[in-house]
Every structure is written in structure tokens, then in C-alpha cells.
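Next, two complexes with subunit A in common: one pairs it with subunit B, the other with subunit C.
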Partner chain A sequence: MLRFAAARARQTAIVAFVVTSLAFVLVHAAPGDPFATSLDENSNFAAARAEMRLRYALDLPLWQQYPMMLANFARGEFGTSFGEARPVSAVLTDVIPDTLLLMVPALLIGVLAGVAVGTWQGAHAGTWRDRATGAFALSVLSIPEFLLALIASLVFAVRLRWFPGTGIFSAGAVHASWLDTVGDYLHHAALPVSVLALVIGCVVARFQRAAVVDTLNEEFVRTARAKGAATRRVLVHHVLRRTGGSLFAVLGLLVPTLVGGAAMVEMVFGWPGAGATLVSAVGSRDYPLVIALVLVGSIAVCVGSAIADAAAVLANPAIRKEA
Partner chain B sequence: MSASRRTGNVPAFVPAFVPACVLALFVLTALTAQWIAPFDPAVSGDLVADRLLAPSTTHWFGTDASARDVFSRMLFGTQVSLGIAALSVAVVLLVGVTWGVIAGLAPAWLDGWMMRFVDALMATPRLLVVLACVAFTGRLSATSLALLLGLTAWPAMSRIVRARVRELDATDYVAAARALGAPRMGIAVRHILPGVLPAAMVTAILTVASVIPLEAGLSYFGAGIAPPTASWGVLLQDASARPLDAWWLLLFPSAAIAATVMSVNLLGERLRGRDRSLLAP
Partner chain C sequence: MKLIGRLSVCLVLATTAVASLACGDVGDKTVVISAGADGDIALPQLSSQTQSRVYAELLFDKLAEIGQSQNTVGDAGYVPHLAARWDWARDSMAITFHLDPRAKWHDGQALTARDVRFAFTVLTDPKTGSSAGVELARSVDSVSVADSLTATVWYKARSPEQFHAVAYTLFPLPEHLLGNVPHDSLKSSAFAKAPVGSGPFTFVAWEQKRRFEMAAFDHYLLGRPKIDRLVFAIAGSAPTAVRAVLAGDADFIERMQLEDVAEASRLPDITLLPLRRYDYGVVQFNLWTADGTAPHPLFGSASMRRALTMAVDRAALVRNVHDTLGRPGLGPFARLQWSADTTLRQIPFDVAESGRLLDVLGWKLGPRGMRSKAGQPLAFTLSVSSSSRSRVRYAELLQQSFAAVGAAVTVNVTDMAGFVDQLMTHSFDAMVFGWTATPSPSGARQTWGSRAFTKGSPFNAGGWQNATFDAAVANALTAMDLKNARAHFRVAYQTAIDDAPAIWLYESLDPAAASRRLVTGEFRPDAWWATVRSWDVTGPSRRPGAGRTATP
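Up next, the complex of A and B:
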């Protein structure tokens, strides 16, 4: 387990290094300037710009800037967000919890529902109910996340007005008690979490179904049946234990895609999380914020995949050799 | 009826020619857009009389807020979206197959480093990388977006190709070719590459199913290709301003994206058969 952790930590470090270097190269290779849009041509443009470039060390030679940036990152200093005029770390502590408030419930609901539906499908493989469910899952997965989110928002928030269409809490609301706060969050979270959970659930159900169909053909399942174990017991005690490992492995591979999908859902629902912030930072060329968010996102993905792979090994020690 | 047919997934019950025909129709549309478009997609009609018309016999898919014919814009949008998909898949094939074949035949230390690099790329969320690139280069042309999408999508391909190369490298006919003194380059090109191509083609098809939604999403959020070039995603962005009163702006691009991705998925899974090693990228 220690060797596994060391290998993954090394891989995470490589990813972080590659991503930061790439971002650094892009920042300095690209034309344009983060201060260009906020300065009016009529004002003392050149002087003000020169001063800003000096203050944020954009004039130093690249071979000095690069190690400086890496050293700052290593200390956890991401500089000042040009757009929000406050430390990037303060922005990060604001947006990351909001993203977790979206992703964690969606992941829990999606995986649980996906496993349940996929197992049920696998146990009834070939029936019309299995096929109808499979066709539904394939249809959902053929629609991009942002489009699903857009349709859900149009139908349930704009037209039917059952749920609010943007934000995580009602604007300017003062909550009387923590219960009110939770209720407000649930009301806002229902749509984005459902969309994301639906997508995750469909992906998981498809893998789970295939894994259950494969496992049901194995000898140990026949043995369990021969002993007289009931179908439910065979599924829960024998089949699910076998499929758990591959499910976690699949989840590990899917983490990067899920992060992308969550970002798109955030944008459609105006969820004040990391994904929506990243897109607006991209629009305003807020370099320090973009680099920090991409870096944090990549590290989170690596850690997520590592956790999923570790869970896969724990669930099925037979695949340990690949770690 | 065989066991695989009974327990097969949905694709096994849809004849393969259905998704193939849908895709062929889209490709044909893209190739002939210039000749079948009834209107110029970039030219506005009467800005007062022809604005936001519902679908009719003149404007099959209605008109948009700039009084442009949506059907014509869809035809050219198909060209752009499928063109981007084709170009990025070509990049994926070129880079992924080359990288995979070299890694598969390289000495162990080089193979280890090449695959570690692939692992690192696969662990990097593509959307973040593409967004970061857009942040620093400004809006992209369709060609550069396609190249960017291709350059972020090849690692899955190279991993599959490498695995297949290792299998083939252990076969008797490759050993025989080596015993006959065939040069290493010749073995790679004449004996291993042909065996790799089927798996590579299936992966390429499944790659389309990830490129099209990504392009549409980026363009929808204004981080994709720059107007006036219209892809399906750009058309959706046009629709987002008035989604409820002008439903035709939203419906047709959405349906095109969903139909294409679904056909690609069905076809890819059908070709992939029950080979689990060809995990969708």
C-alpha cells in the first residue's frame, strides 16, 4: 500500500508539474495582457500598464519568473486574482466547498443508484425491462451534460418554476436557523445534483450491468446457487463483492470526465463553484486564478483516481499487481 | 439464439445499419452543404419581417434572431462539427498509434517512461486543459480547436495500441519474421501495424463520441470556435438567449448532437463486441 501511495504521489507531482509548466508557457507565449481590458485607452494607458506589469512581476525574464512561480506554488501562494482583486487562495476557499456541495451528493446518489439499477439489469439480462433501461441509459449518455442541464433548467426552473434556476442559496436571504439554510440549499441543489447524478448513474449502471452478466456465468456463482442460496443472497454476497473492484477502477478512469461534466453543469446552473469560476476567469484572462484552478483541479483528479484505485485494490486484492 | 445475443447490451438489438445510415446521412449532409443549403447561412434576411420565424415551408427549421435561415446554418454547422471531429480523430490516430507502437516495441525503460507520461495526461482533466489554452490564446479557429481536442485525446488510444502491440509482438509470425532477419522497422510497419488497426479504428470511432459533446460544450459557453463560423455548439449558444419562445433554435442542434453521439456509441460498441479491453476513452 505504501509503494502504491508513493507511485501515485509521484504521478500526481508529474501531472502538477506538467500542467503548471503548460499554463506558464501559454501565459507568456500568448499575446494580450490581463490589464488591457480594465484600462481605458484615454487614461495614461502605457504608464499604468507598465506599473501593473512591474508590480505583478510580469517584466522579469522568464527564467526568473518560472522558478519564482513554482516556489510560490510550493508555499501555497497563488498570487492575487486580477479580476477579483483578492488573494487567489481566498477565492479557492470560497469556491471549492461549493463544488464539493454539488459533486459529493451527486457522486453518492449516482453510484448507489447506478449499482442498484445495473445489478438489477444484469440479473434480468435480456428481458424487455433490461433493454428499455439500457436504451434509456444510452440515450442519456448521448446528450452532453450541459445540454441535459440546460433542458432541466428550462423545464423545471424557467417554465414550471419548481426550483430556482441559479445559485446555491437565495440571493440576499437571511436564514432564521440552520434548518432553513439546509432547506434553501436542497431547493437550489435539487436540479444540478439530479442532472449530474443521472449522468453518473447511467455510466455506472452500464458498467455494472456488464460486470454482473459476466460474473453470473462464473463457477463460484453456480456453486453458491447449487448450495441453495437465494438469488438475492447470491447477488449481494457473491456477485457484488466481485464487481466492486472493477467498478472502483472504472470510477477512477472516469474522474477526469466527471470533473469536466460537473464544471459544465455548474455553469448552466450558475452554481458558484470552481468550474463556473474557471470559465469566467478564462473570459477575463485572470491568469493567476486560471492557473491555480487548473492546478487544483488536476491534483484533485489525481487524488480522486488514486482513492478509486486504492478502493479497487481493497475490494479485490487480485488486481494488486497492476498498482 | 446464442448466449451473447441473449445477454448482450442494447446495441446488440439494434441492427448495425441503423446507426451507420444515420452517420452516413450526416456525413453526406456535411459534404454537400454548399449545394443543398437553400439560403446563405451567414447572410441575414429582412431583419424586421424574417426575424425568429417558426419553421415553415420556406424556412424548414425557422430563422434566428439575426433573420438567418436555421436549416442552412445547421447544414454548415454539420460540416464544421463533423470536420472538427474528423480532424481531431485523425490527430488522435496519428499521435496515439505512433506513440503506442513505439512504446510497445521500445525497451522496458523507455516504454515505462512513455506510459507514465500517458498516465499523467490521462489523469489531467481535458476540459481544464482546453479552457486554459483558450484563456491564453483567445478564441480559436475551427482548425486549431480540432488540433487541441485531438492533442488532448490521444493517450487512451496509445494505451490500447500499446497493449495490442505487446500481444502481437509475442506471436509466432512476428518471431518468424524476426528469425528471418526482417528489420525492426519493417516488422513494425508490415506485421504489427495491420494487426493494430482494427482496435485503433474502434477506439477512433468511440473518440468521436467524446469530441463532439466537448466541442459543443466549449462553443456553447463561448470558449470554443469564434463566430461567425457556426458549429452545432455555436448554434446552441445562439439559442440560449431565447430558449423558450424560439424552441426551434434549441431543438435542431440538440437533436443533431444526440443523434450523432448515439449512433457513434451504438456503432462503436457493436464493432467492439465483447472485447472489454477497448474501454471507451
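Up next, the complex of A and C:
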């Protein structure tokens, strides 16, 4: 296990280095100046821009900026956000928990629902109900996440007014107790979490259904049935246990999609998380913030994949033996 | 499976129950304003960001405030605020402001004439980095203090807008709190993000990119605002900010996206509010090559610019994009400015005459309906920022208009940062963009004057240089008589229209949207937030279940 962790840590470091370097090159290659839209309207633009570039060491050639950035990262310094005029680390401290407040419940609900639906589909494979559910899942997956989010927002927030359409909490709300705070969060999270969970659930359900159909044809399942085990017992005790490994592998693959999808959902619902902040930072050419968020995102993807792989190994005795 | 199903149902029910029982309590006298973007600091005249200006001008007050007439000549258009009254020197070279003794800072300290002088010193110090301060220093020599309630502003020269120059720009700053802060670090000081002001609202909290909260100042000298709390909810983008109002999450947004106006008008609890605006949109031609050393091969010619202007039916374009929420532009000004003249001679929409002019210039029609000259096609790029869907639509329609006279146009849609880069480096052929003018027409010198054309500046980015225009504007700004000033402006504007450095495309009348519980009254065209202190809230809260009375 330690060897596994060490190997994945090395892999994460390499991926983070490559992704950060790519982000550095791309963000600097994009046309536009980080200070162009924030400079005072009547001031001497050229002088003001030169002063800002000097302040943030952007006057140096890229080959000098790059090692400086890496050295700063090694010390845990991400610099100052141009747009927010405060340390990038402070911005990260604000936005990452909010993204987790969106992603974690979406992942839990999506996986639970996907496993349940996929297992049910597998058990009823070939029936019209299975085909209808499969068609629905495919339809959902064929719609881009931002469009799904937009539809949900327009229908359930704007037209029906069942849920708020933006933010994590009611702006200006005075929460009398923690129950108020939790309730306000749940109310606001309902739509974005549902959209994200729906997408995750559909992906998981498709994989789970295929895994269950395969497993139901295996000899040990037929034996269990021959011994008179009830269908529910067969599914829960034999099939789900076997399919757990492949499910975790799917989750590992899902992590990058989840990070990207969350960004779109955050944008549509005005959820002030890391994804929306990244999109906004790219638009304003906030170099330090973009690079830091890309770094954090790549580490999150690597760690998420590693955890999923580890869980897959632990869940499947056959793989565990090979490992 | 049934167990999972039951658990899921229970979870959903429990979530819904908790959410519906314990919604955020926003209170009846809290107003939530939806904004697409946040500001950077909340100090007056020290940031170019519009949202920063909104925060600062709600937290800080001026000596006198411009009224609905928007008259910037003399002091007739101004009403007393921090200054209860003012006297002019006989030669008009000084104005003495007598402060209202009730004026207080939010920390309870009395606001004195020393704070007026301190603000002038800070603002005009180049280290502070305030462009408004630089402008102020051009007309004002100094500020002296006679006693705690009397400050005299000494001018360098008389001008019709000398009162406006001070009253509109100078916000007293608390010397007792900022006296020891170096001017060059004022913008980055803690005070800039949590200021103590003198305006109708006091600072409460600021979570950047999320919310900015203020509370009514009980001791505001012109009377406590009717609403208790004012919260700006930052949505992150303009479309999301609009949706916040449509969904009932917020009470007000100052500008609706045109495509959402129909949806808003269908909602019974939302009302659309007309706003007079200083916004005007143009197609700016670049008269120079990107390196600025030679005239642009197409737009260096005034005849070419006039020919292309004739190809555009501006009234039809405005109807198509803005419907009734816009009107064709008239020149380098907004109709609301006192210098505006709606009788100016315009370049007419005339496709046949446009074609004839292009023929004369040697651009001959080819077999496919496109023009060329010496083997060079009549082609150029029209740049537009993706941040404005209406301007992108204008660009597409302009492409069709120009194609009708044989010009091949490529529409180049870029994000805001890329667009501004083109603007500031002057690396474009033509671009569609918008200006927001001010009540004072003096901005024309800044926006279209010859001296504004400098590398790295977005002003007069097309490099139009016309001595007649410059002289007429200069004469207008120094004429002490309003009629005379108007006549000079008329000459300047007609020169710009005839020489066509731009196509004066539209003036927008984009409406605001508000919850029907909000009573807003009339908006001031230059600053919609100026009247927030007189807003009130009536009726039930925005969202059922969220409106129990709160104790802020």
C-alpha cells in the first residue's frame, strides 16, 4: 500500500508540474493584458500598465518568470490575484470549500442513485422499463451540462420559483441558527447538486447496468440461485460485491469530468466555487489565480483517481491478489 | 432495492422539509441588488470599476449633488449635500463651501473643512494614482480652511463647469482615519475594503465576489434611508445576475439583458423600469495601420468612411437589435448631455450613393458582387467583444449591410481581454463598441480629441485627428455663456459627423428590473444608485418562506 501511495504521489507531482507548465504557457500566450480592463479610465495607461507589470514582475521575460513561479509554488506561495487584489491562497481558501459543498453531495447522491438504478436495470435487462431508463440516461448525457443547468434554472427557479437560482445562501439572509444556515444551503444547493448528480447518476447507471448483466451470467451467481437464494440477496450479497471494483474504476474516470462539469454548473448558478472563479480568472487574464486553480484541479483529479484506484483494489479480491 | 428507494425518498423529504422550514431570512427592509461583477475597492475616485464607484458613492457623500436636470454649467443644477450652502467670489476664482454642521462620519466624528482639504490633497497627489485627481488639479489650485465648517476652493481659471469639476469629483475623506496612510498605499489599505464614510449607508461586510453589505446610516444629514440594509449579490456574470432577479433571489438589477426583457415582462412580480442612459455605441474605424506610421489603406480616406456609413441603415439596425429600447446615435455625444443637438445634419442611408462613392474611389464591383481595386478585395475585419450579445448582433447585421455595397467583412468576436488588447494596441480595422458619456460634454475631448490618440490608450483608438473639432470643443469648454458653448459644440459635432471617424450607431435605453415590492422613484441617468436612499420596500418579501421579519 505504501508503495502504491508513493507511486501515485510521484505521478501526481509529474502531472501537476506538466499541467502547471502548460497553463503558464497558454495563459501568457492568450491575447490580452491582465490590467487592461481595470486601469483608471483617464490615467496614463501606458505608465500605469508598466507600473503594474513591474509590481507583479510581468516585465521580466517568461523564461525568468517561470522558474520564479515554480520556486514560489515550492514555498507554498501562489502570489497575488490581480483581479481581487489579495493573496491567491486567500481566494483558494474561499472558493474550494464552496466547490466541495457542490461536488461532494452531487457525487454521493449521483453514485448512490446510479448504482441503484443501474442494478435495477441489470436485474430487469431487456424489459421495456430497462430500455426506457437507458434511453433517458443517454438523453441526459447527450445534453451539455451547462444547458442542463440552464434548463433547470429557467424551469425550477425562474418559472416555478421552487428553488433559488443563484448563490449558496440567500444574499442578505440573517441566519438565526445553524438549522437556518443548513436549510438555506440545502435550498440553494438543490438545483445545482441535482443537475450534477443527474449527470453522475446516468454515467454510473450505464456502467453499473453492464456490470450487473455480466455478473448475473457468472457461474457463482447461478450457483447461488440454484441454492435457492432470493433475487434481492443475490443482488446485494453477490452481484454488488463483485461490481464494486469496476464501479470505483469508473469513479476514477469520472473525477476529471466532474471537475469540468462543476465549473459549468457553478457558472450558471452563480455558485462562487473554484470552477466559476477559474472561468472568470481566465477571462480577466488573472495569471496567478488561473495557474493556482489549474494546479489545484490537477492535484484533485490525481488524488481522486488514486483514491478510486485504491478503493477498486480493496473492493475486488481478484485485483487485490494481482496487486 | 426497495430499501434504497425508501431511503432516497426519506432523504429527499427531509431535505425539502429542512430547506423549506429554514430558509434564509432576508427581512422586509432589506434590499438585494444583483450585480454581474464585484468591485476592487470602495473608495471614491480611486477605481475605474463601475461597481467600486457604486459602493463608494453610497458610502461617501459629496459637497453638493447634481440633480435630475443634469445641468453641469454653473451651480443651478446642484443641490446641497455635505455643504449646506456656498458662495462665489466676485471674480468667480473661488467658491466657499459652508458645511452642514450635522454632517458626520460613520464613526460618529464630525465632518470638517479639514476633511475637504485633506481629500483634495490626497486626490491630486500623483502618488495616489487617481485620474479624477489629475483632472481636478488642472482646474483647482488649492483648498483652504477658514474654520471647521468653511472650506474655500481656489481655481486656476474660470470655466462654465468649474463648480461641477469640484462638486462632482471631490468626496471629503476622513483625515482622522487616513492622515497617516501613505497616499501610494491608500488603494491597498484595509480602509479601502472596509471604509468609514459619510454617505447614507454604512459599511457592514464585504465577501469579495459574493456579497457587499451596507446598513442605513441613522445620522445621515439628509435623513435616514428608508431601507435598513442594502446587499449587493455578486452573481459572477451578467446573465446570471439577471436570472437572480427573475428567480426572485434579488430585488433589483440596473440593466436587463435585451434577450431577457420578454421573460421579465411575463413575470407578475417583476417590473421593468425605464432608465435614461448616457450609453452610445459606435463602429470605430482605425485611420492608421497597427504600427501607427501610415494611414490605414481603407479608412485613412474620409470618402471611404462616408461611403460605408451610407451603407448602414442605422434606424433599421437599432429596431432589429434594441427594438424600442434604443435609438440611432447622432454623433459623439449622448442625447442627455446639455450640448446634444438633434438637428445636426447626418450622413444619409443611401446604398446607391455609397456604391457611387466607392466607384469613384476605384473600388469596382466584381462578378460576385464584391469590390476590388488593383486586385485587392475591399475587405476588412470588424472586431467585437463577446461580452455584449447586442453588439455581436450589430456586428452581424453590419456585415450584411457592408456586403450589400460590395465590402467583405469578417466579424472577429473575442473575449473582453482580447478585445481591449486590440483597442489599446490599435491593432484593428474597425470595431463595434460602446461608450458611457457623463453629464459633462467635456468628455468629448477625452474620447475623440486628437491628443487622446496615444499608444496604449483606448481613447480615440482610431486615431482621428481634426483641428476644427479640437478647437471647437476647446472653445465650447471655455465659453462662459451657455448659448455660445452650444454653438461651439454644434460645430465640433457636425465636423465629427461629416468626417465620419465612426458610425454613430445607437443609444441604448436598456431597462432596469425590480421586484414589485420595491419603490424606486426616478433614477438619475449618470448614477442609478444616487437615489437608493429614497427607495422603499412595500408588500411581502420576495420568496414565500423567506420573509419572516429579521433583526439585522
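The criterion applied here is as follows: the second predicted complex is superposed on the first by the 306 of 323 C-alpha atoms of A that agree within 3 Å, B and C clash if a C-alpha of one lies under 4 Å from a C-alpha of the other, contacts with A are read in each partner's own complex, and residues count from 1 in each chain.
Methods note: contacts are C-beta pairs under 8 Å (C-beta built on N, C-alpha and C of every residue); 3 or more make two chains touch, one makes a residue touch a chain.
Every value quoted in this text rests on a predicted model; they were computed, and no experiment measured them.
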Touching partner for A:86 - first (subunit B), second (subunit C), both, neither: second
Partner chain(s) touched by A:285 [first = subunit B, second = subunit C, both, neither]: both
Partner chain in contact with A:158 - subunit B first, subunit C second, else both or neither: both
Partner chain(s) touched by A:139 [first = subunit B, second = subunit C, both, neither]: first
Which superposed partner A:2 touches (first subunit B, second subunit C, both, neither): neither
Touched partner set for A:260, first subunit B, second subunit C, both or neither: first
Shared contact residues on subunit A - subunit B and subunit C: 30-32, 154, 158, 267, 283, 285
Residues on subunit C engaged by subunit A in the complex (per definition of touch): 1, 4-5, 8, 15, 18-27, 30, 32, 34, 40-41, 47-49, 129-132, 134-135, 187-188, 207-211, 213, 229, 231-237, 240-241, 243-244, 246-250, 263, 267, 414-418, 420-422, 424, 446, 454-458, 543, 546, 550-552
Subunit A-touching residues of subunit B, taken from the complex the two chains share: 6-7, 9-11, 13, 116-117, 119-129, 131-138, 209-210, 213-214, 216-217, 220-223, 236, 240, 243-244, 250, 254, 257-259, 261-262, 265-266, 276, 279
Interfacial residue positions of subunit A with respect to subunit C in the complex: 30-34, 36-43, 45-46, 48-49, 83-86, 94, 112-113, 116, 119-120, 123, 153-154, 157-158, 161, 164-167, 169-177, 179-184, 186-187, 190, 232, 235, 267-270, 272, 276-277, 280, 283-285
Partner subunit B, residues of subunit A touching it in the complex: 11-12, 14-15, 18-19, 22-23, 26-27, 29-32, 125-126, 131, 134-135, 138-139, 141-147, 150-151, 154, 158-159, 206, 209-210, 213, 250, 253, 256-257, 259-260, 263-264, 267, 278-279, 281-283, 285, 287, 290-291, 293-294, 297-298, 301-302, 305
